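After this come two complexes, each holding chain A, first together with chain B and then together with chain C.
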Partner chain A sequence: MQKSFVIKRILYAIFIFFVVLTLNFFIPRLGVDDPAERYYPPQGNMSDIEYEIIKQVTREQYGFDVSTFKQYTNYVEGLLRFDLGTSFRTGNPKVSTLIAERLPWTLVLSVSNLVISLCIGLIFGTVAAWKRGRWQDSLLLNLSTISVALPAFFIALILSFYFGFELELFPAYTNPNMVSQFDWSWEAIKVVFYNAALPIISMSIGGIIGYSQRTRNSVIAVTNEEFVLTARAKGLSQNKVLFKHTLRNAMLPIVTAVGMSLSGLIGGAVIIEQIFNWNGMGTLFLEANNTNDYPLMMGIMLFMSTIAILANLIVELTYSLLDPRITVGEKR
Partner chain B sequence: MLKKIMSLTLIFISLFLVGCSSNEYERRDDASNTLYVGSVGASFPTSFMPWLSRDGIAPTIASMVYNTLFSYDDQTGEFVESIGKEWYYVSPEGEPILTTEGKIDYDELEEVYSGSEESYLVVKIIIHDDIFWHDGEKLTVEDIYYTFDIGTNNALSNHAGSLAWTADLQHSYSNGVMTKQGIFTYDHGANERGYEITEEEKDTVMYLHVNKVLGAITSLFSTILILPEHIWKPIVTVDNQLNSKNPSEETLYQYQNPVGSGGYKLDPENSNAQVITLVRNDDYHLKDGLDYLYKVEKIKFMLFQEQNVAIYALLKGHIDILDSTVSSNYLSLFEDREDIYVSNADGIFTQTLVINLNPATSEKNDLRDLLGISDFRRAIALAINQEELVSFVLNGAGKTVSAGLLSESLTDFYNPDADILRFDLEERITEANLLLDNIVPEKDSEGYRLLDGNRIKYTILGTPGEQDVISRLQVQLQRIGIEVEYKAKGSSPERTYIFNSKFDMTLQGVIFSLENADIMYRAHFVTLSQSSNYGRLTDSLLSSKINEMRLSLNLNYKYELLQEIQELIALNYYKIPLYTSNIISVARTDRYEGYVVVEGSTIFNTDTLQNLRRVEG
Partner chain C sequence: MKKIKKIFKKILNSFIGIGLFIAKIWKHKKGKIGLVLVGLLAFVAIFAPLIAPYDPYDVTQRAAKGLAPSWEHLLGTTINTGQDIFSMLIYGTRVSLLVGLITGIAIAFLGAILGIIAGYVGGVADNLIMRIVDIMLVIPTLPLTIVITNLFGKSYFIIVFIFVIFGWTGLARVIRSLVLVLKNSNYVKASELAGGSRWHIMTKHILPGVSHLLIMNTALTCAGIMVAEAGLSFLGLGDPTAISWGKMLAEAQSGGALLFGHWWWIIAPGIGIFIAVFAFMRIGLVMEEILNPRMKASSGIYKLFKTLNNTYIQEVFDGMNEEVLTTKEGEIS
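== the complex of A and B ==
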């Protein structure tokens, strides 16, 4: 891997970060006139002077009492100190604290979803490719069609109502004391996964089918390669041909796909979290949006964007490391 | 490799399965007097400072943990005792202005103060002498002094809301220095000012100077939740304001462990962002005879972020009651369910069609000029069929509203003469068409009226949820040859369309009551700049009546004016009533009985809490 390539990718990532940061600052402000008026609409019992004092107090309180440019530089200065600002909610907690509280719970869902989707997807995809044209393959194709028509939130509602409310196999919604009573004991971990079951299943169905299809297509492509034919010709067993030669070589596109999906890990699944009362990043973003908590909204968006930029950077660098023929965006 | 993949998969699946145990829906086996309340929202607050608690369930919790001086009864227009036991106006010399029956003598009030040079009214307040904060400290008038005083001093409170609420109190600060004193207690200069308070009365009597309008006391009495001085005074400073951006640890602790004087106490140990537990304050000073005022010992609020899930939780017995309105579309779910109580309370929120009758000069055009013609607007008003809207849009769960926009349930103040749009629909349509024939007689082949050869067509700003009502209006106005269509108002309609007059018509919900009359009538019909007067109505007679009503010191005359104002509002055909939707809410009956339906409220209301009884067994 060329050093200049790495430096260019890093500089490009930094540039993108600043573009995102700037958009992240200005876009929420496009929709807001005077935030003071939003919080305290004009009231008939006050004189204009009294109302102006009230608006000024609100502006000072929320940091809107200086020019937009100054607000921007204050914001950037804060970020350089890793300060994402303070939320408008009572007690004015730090945005970074709120994110840190919610992130682990979203990771429980998203990492579990990734692992399950990947593992089961690999198995299903390999079987479908190996049994190409037979019922296993047809089943996967049909499931793919159905999964496109069934969005995850719909599946979540069905699972919640049927397996949660009707059959009571799993909690229909998260135990309200799960987070506050979590103490890293085995019992607490069991409770977390028990409560996470339906959200993870809701999220995984689409993921499993997606990875299955990707694996199937990749395995089929590799199966026709000469080295696989040679392996067969050498008289190797089916299993050896499949796992030692085919699957290993078919993994590269899957690894790329996993890398790309890392950026979505912390965003949470807003609707899924909402349906199951899961206290994660998705619901935090919803709360911020519902309460016009701009610092929190900006903090979450920036955090998510930063992770996405970093994930892309890592994937690009790793990709070129794994396959030296690839130097993305480089002119030879 | 397959083995590795399968092992990993099995580990994850087994993690779910080992977690499996019987579901623990606490309510089902709870034999105690605990009410489980489902609340739909994004999250529960974990900090409670009553003045800052604006969103979601926070105001409900704050109002149960803290108290105001009085509460307001909209039906009677009277203040009901809470912390305060009694109040009345006194003369500038401190003499009570009361009738022989002990009621406020408004004629005398007008007489005393109309000629007075003073710019304020003096109010005497007597509070209960047996109120204790949740930590056992006695509540005295010094707590009320502290609350109102810090509310006006933004060097210490930095809270815009409290400045608004106390705007009519003649007590002010400038940069932390008191510039005018308008609150007087035994310890704060009452006797020196000439308002006699004896040693025995020092904890219970105080005086206020308020602006010379009857509405000046409203927010002071019924909005501001009273704070404990002994908790906040030691920790609130200029550097650590009541609403500091960087609250000290001690301040945060107080936010999270509120000490109020209300009928319920917060149980912080059993509260978090998903559940809030309130425990009855058995020392609460207000009683129901010898019994507790509130019959429910413990209330557990459970958060649901999705309404469908909350409704199912109720149906399946996970909660007793749902503290949110339910759309009438759900009513069939509860039919034939003996264990479900459906409350269909009258609403107080009136949906109106607002006409942009006086756009800013830059937004004027020929079509909008038509909207400025009173007969044109009357024709539109006559064509609107409220009964049909109630039937089709609200599935019957609502009622029609007078053109005077005041609810008929306010029997003493409602003026039937303002109800000028309620007569036979066919007669109304005939009259509307006659009016329009005089203004815009030409029609196209489809029966729509033409202006300079072009079809008369308006847009109505609305949310996606309001498309239903706008499509009905489309059909109704078609009968008088006027075409309307839906236009999405977006997330910031005031900035985008309304305050700069860039709209023809829009939907607007209004609530006019006796409590808010002083503020709302002016905001909706007088103020031109960035107010609720979206269509910028300028009616000098209506404006002067509203101002007269606000400034009148004679309550009886004020009520007379309110009746006149209703008629003037109706005759403007500016905010045309569409309907008032009912408030539908649901509760289970297997653990509790005695739910009380209250106008404008869900089934989870104060009256219900005072009346609920645990079903035995």
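== the complex of A and C ==
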């Protein structure tokens, strides 16, 4: 991998980041004369003069009392200090603090989802590819068709209905004490996963089938290569051919897929979190939306975009590392 | 007069072409069920007021709240308002089909135009379009949709708009890479040498070359968009006055269907979504098999996953594969 290629990709990622943050700055300013309008508290029974003062204070508090260009430079400057702004919530907490509080809870869901989908998907996919054309393979094909047509949130509702309300095996709503009482003890971790069981299962059904399908296609593509034929002709055992020659080479697309899914780790579970009342980034965003908390909303958006940019960058770089035949930089 | 005749002939020809294509799908052993289901959905959507036994918007049925399924109310009634669930299900078809079809077709247009321009014209245009794609791919779609509905109000118009704005990127990337291959083909080169204008080559040579991809993609996008629309309606981002399957699910959840064990209230909209998505997907996959027999049916499903399992991630992946593919081909030639 050439150094110039790495530098080029990093510079490009920074460029994309700046475009995204500019968009992020201007979106809440769309379609209104006074951009501070959305930041004023409700008038209530204040008199007009009082309200004017409150407005003025709000404008100063959120930095709307200077020109748009100055606001923009202030915004960028704040971001360089990892300052995403202040939320409207009582006590005016920093947006970054709120994100830091909720982020681990979303990661519990999305990382377990990724691990489960990947592990089971790899096994299923390999089996389907090995038993190509037999019932295992056609079962996977039919399951794929069905699982695409069943949205994850519908599966979540069914699971929460059957296992949560009918059988009462798992909690249908997350225990609100789970977050406040968490103390890293074994018991607390158990409680977290007990509560997370249904959300994780409903998220990972689609993921398992997706990774199976991908593994199957990739393994079949490799099986048709000549070196696998050679390995067989040499008289190697089935297992050796499968694990040493086929699977190892079929991993490249899977590794890329995993890398790409990293960008969805944070924003991928909004609806599922809402159904199970899970205290993650998704519910934080919906709460911000319900209270018109623009600084919080835009902060979360920027955070998600940044993660996506970083994930893309990492994947591009590892991709050229894993397969030196490809120089992703030279597109044209 | 001659011109009118020519246009008339063209329209007639295209209708015959569409007819023949549908006949082909019908003959395919997997296509029949898809066509039947889509026909059924279209029929239900168009004649919803005639089929529905009750007015689904009627929330004054105080006497008929929370009924279980019976012959009078095939799927029971809602707990809070006593609306007939079967009638709601029938009316919900309209939103799903309209949003799915309009978005699918708009995405096909936008994706084809931008993809062909990026691939064939190249240079600054290509650079600009691909940079926009890169930016679109990192912006989280669902949160942005929520912000925009918060800013401009909730309606299906805005939802379709956002779907189109974010949906064309994947298609444009795929089309672009195919165009890059076609660009080097002999017939395009011949046309260039014969002095064919860019417009002529793009519409007469490139567009027919990518049309199979477009047609297939439109069916699959429709399916994916219907799932996405249900998700947005579930979050309450759709038109608050319209009945849609996603909104029915949200109402069932908030209205206590889970608590009181009214499983039919949850299953009904889910089956609606399932049938609609399944039908369009089937047709898309069969189209893929007819138009591109070398491809295996499974790859289409894999493509569809991008719209389901939060989305832009896989799009990048697909796009990258395509790019790698073109790079390889570029190196060879």
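By definition in this document, the second predicted complex is superposed on the first by the 300 of 332 C-alpha atoms of A that agree within 3 Å, B and C clash if a C-alpha of one lies under 4 Å from a C-alpha of the other, contacts with A are read in each partner's own complex, and residues count from 1 in each chain.
In this text, a residue touches a chain if its C-beta (ideal position, glycine included) is under 8 Å from a C-beta of that chain, and two chains touch if they have at least 3 such contacts.
Everything numeric here is computed off the predicted structure, so don't read it as measured data.
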First (chain B), second (chain C), both or neither touched by A:Q71: neither
Touching partner for A:S160 - first (chain B), second (chain C), both, neither: both
Touching partner for A:I123 - first (chain B), second (chain C), both, neither: first
First, second, both or neither for A:T318, with chain B first and chain C second: neither
Partner chain in contact with A:S261 - chain B first, chain C second, else both or neither: second
Chain B versus chain C as contact partner of A:Q136, first or second or both or neither: neither
Chain B versus chain C as contact partner of A:P253, first or second or both or neither: second
First, second, both or neither for A:V148, with chain B first and chain C second: second
First, second, both or neither for A:L286, with chain B first and chain C second: both
Doubly contacted residues of chain A, that is, touched by chain B and again by chain C: 31, 157, 160-161, 165, 172, 274-275, 286
Chain C - residues contacting chain A, complex: 122, 126, 134-135, 137-140, 142-144, 146-148, 150-152, 223, 227, 230-231, 234-235, 249, 252-253, 257-259, 261, 263, 266-267, 270, 273-274, 277-278, 281-282, 285, 296-299, 301-302, 304-305, 308-314, 316-317, 320-321, 323-324, 326-328, 330
Chain B residues within the chain A interface of the complex: 1-2, 5-6, 8-9, 12-13, 15-16, 18-21, 23-24, 41-43, 45-49, 52-53, 55-56, 58, 154, 158-161, 163-164, 167-168, 211, 213, 215-216, 219, 243-247, 252, 255-256, 272-275, 302-306, 308-309, 312-313, 316, 318, 491-492, 494-495, 518-523, 526-527, 529-532, 550
Chain B-facing residues of chain A, complex: 31-33, 36-37, 39-46, 50, 53-55, 57-58, 60-61, 86, 89-93, 112, 115-116, 119-120, 122-123, 157, 160-161, 165, 168-180, 189-197, 200, 243, 247-248, 273-277, 279, 283-284, 286-287, 290-291
Contacting residues of chain A [partner chain C, same complex]: 16, 19-20, 23, 27-28, 30-31, 141, 144-146, 148-154, 157-158, 160-161, 164-166, 172, 206-207, 210, 213-214, 216-217, 253, 256-257, 260-261, 263-264, 267-268, 270-271, 274-275, 285-286, 289, 292, 297-298, 300-301, 304-305, 308-309, 312, 315-316, 319, 326-328, 330-332
